[in-house]
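Labels run A, B, C, D, E and F following the written order; every chain starts at residue 1.
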């Protein structure tokens, strides 16, 4: 059941965010049988971050819209990634802070064994801080789930 | 007070972890006036992760051992990074899971203004899962604090 | 101080929710000196769930409206039940999810000893999920407090 | 994607715990293509509760031991159920309390659509309180995950 | 149901901790029909803090040892006070920190109306920090419950 | 690095709130080189509490508005103080409760060593409860951070 060194889904999902050439990198991943997409969202409301990622995942065919188990897997991956971003309470505007985030979603099998099937990774990178220009620092989050 | 594009401390701290050549990359950062170090820790006990990072930071002169404000800044950065890794409860063995982590610590000023002084970033990347070989997936965390 | 086998307040409160004949079952409980009521609430806002249960408890005379200690006991029982429903963060719409819940409130002494006085149980059962028809699974919660 | 009224996995999992005849009820569920088992665990350590449920699930063939995605699905269902039991911090002895729990694990498809595949439910019911006989009240928890 | 200005149980419980003459102040409170006691506890384990306060409350007759509802009320007041002390996760040694605390327990009716009966307050004041002399700052917590 | 007995910043910040003569006491503190201010805020929204304290700190020159590290230090001190007030989830109206709080902010060096530099304390004291007159009890919180 070991993680395949080349297929570390979380590492790929984060490098997509931090890369200078995320388009090229995504293309390479797609050639290796990964499904993925990237996007951006800024908001004081956590539910808008959730919605932006869910919409991107469905529009880009990364999850099947009409199968709840796929939405369920994605939802929990998003919330787990938000834990890394918020570090304590999954709250933004209600505690007077805002985020500006890039996100990546990646789907594929990170394990050596084919039995492990598909997994999904959601990575977030950007800034968090007061709703005042410049009053912010960086933040990152990663959620991984079987799908 | 804007973040300086070249000095994004969180991005640097994560790329150190994911790089194939972290030694070379750390050397380059040190030439640009950053202080930093990397290390590894695997444990079922969160306090051992905390201790490993604190020890590395002191041994490598990234924080001053005899100034509590520096330890205090580092401690909170570590705990924030652990939120990303644990995603809900900062607990490992007590909920039957274990981690194998690389960590990086980086210190410097990520802002354009000199008034912002030094900040510290702690990044964590590795695996989390059951204490059974292969029953694990990747995880990441980042904590940033003024120092 | 042992729990009385016949008077397990939590068990009764949950069976009220899951019963095909909750009206009959509530009647039986009332004949054994329990006070209770049931109701339904669906919302994306946790405070509406709290309000619906508090209103039902007061309207049905399960707690005394003008005695704060009784409201205080009920409030904490509700929040504890919501922990079971939300499993991590007591948040609904702010993390883009909604609930459709039945609730039961039960008051009486679950212990052998009369000294233990009245306790209150709040049970919740229903579905939680995305605000999309069918994108949901079941959820349950139980809060118990002395009153 | 609607939940099938007869196949409410969470409701079945809880009734298994509260039933006077859980053996008979489990047999009936197995005839309708559910996999399931029940057990008991008492401990001041949350990781022992997790381990008892994981062991029962593997020994009874409810999950495949050598497929990590199945363990991963079960683990998160257990932790979610423990949220209902602990209501705030997933901690027992470290905050001086202990549990005596019955548990049920159930696997099958609770939805009308076959596309939804298998889901897993973990239900917990018992007492929580001080490590002193009788100083305890009831508690319940339910975790549901796709598998 | 208004709080009586002279009988603010939380304020009294905190001033007991911060007073230069807590013995005299406690005597005065006892003359006004309050029951109370103070004590000290230092530990890296939260359950030892809980135990020290429970023992003091029972030994000083502030709660009745053989009535669970009184222990239950006290327990939740303690855990709430620990939230103020720990600010996020009710954990000490497991995240490599220790406390040195004074505590006060106070019982009486803080409201104008006699119907409100007895309430209990637990206050905590002291230091929290690394298990290194001087690497600590102050911390406070207050829990209040009906009893 | 020991805490100076006379300069316990948290103790001072709380006594400011509980004093009958907070104006006089603040004046005395200012003569001993502390910076400080007090204020009041009542709200069902946590972000309004945060905003009221931040505004007071900036208007009274306790922190420098144009230096983010100072805002960052204050923000975390506020959130930590809110943990003591809310005891579990940093939420007010979203779980149907409201606060009426006094706050104090204090800045200075609580340690014997000058190397420790400035620290900031935020103390909160008041009531929390249902949005119904009299349905409330006292609450306190303290957050301390290096600045």
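The rule we apply is simple: a residue touches a chain if its C-beta (ideal position, glycine included) is under 8 Å from a C-beta of that chain, and two chains touch if they have at least 3 such contacts.
By chain, UniProt protein names: A, B, C, D, E, F = Hut operon positive regulatory protein.
Everything numeric here is computed off the predicted structure, so don't read it as measured data.
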item: Steps needed, at minimum, to go from chain C to chain F via contacts; value: 1
item: Partner chains that chain D and chain E have in common; value: B, C
item: Interface sides of chain B and chain E: same vs different residues, half threshold; value: different
item: Chain pair equivalent in interface to C-F, over half of contacts matched, among A-B, D-E or B-F; value: D-E
item: Copy-to-copy rotation for chain B and chain D - C-alpha atoms, rounded to a multiple of 5°; value: 120
item: CA centroid of chain A to CA centroid of chain D, Å; value: 29
item: Approximate Å spacing (C-alpha centroids) for the pair chain E, chain F; value: 20
item: Where chain A and chain F are represented by their mean Cα positions, the distance between them in whole Å; value: 36
item: Contacts with two or more other chains, residues of chain B listed in rising order; value: 1, 68, 72, 88-89, 91, 94, 111, 119, 134-137
item: Set of all touching chain pairs, with the criterion as stated earlier; value: A-B, A-C, A-D, A-F, B-D, B-E, B-F, C-D, C-E, C-F, D-E, E-F
item: In the complex with chain A, residue positions of chain D that touch it; value: 1, 66-69, 72-73, 76, 111, 113, 115-117, 119, 145-146
item: Of all residues in chain E, those that touch chain F in their complex; value: 1-3, 8-11, 14-15, 18, 80, 83-88, 110-111, 119, 121, 123, 125, 127, 133-144
item: Chain A-touching residues of chain F, taken from the complex the two chains share; value: 45-47, 50-51, 54, 68, 71-72, 75, 79, 82, 89-91, 94
item: Residue ranges of chain A in contact with chain F within the complex; value: 88-89, 91, 93-97, 129-130, 132, 134-137
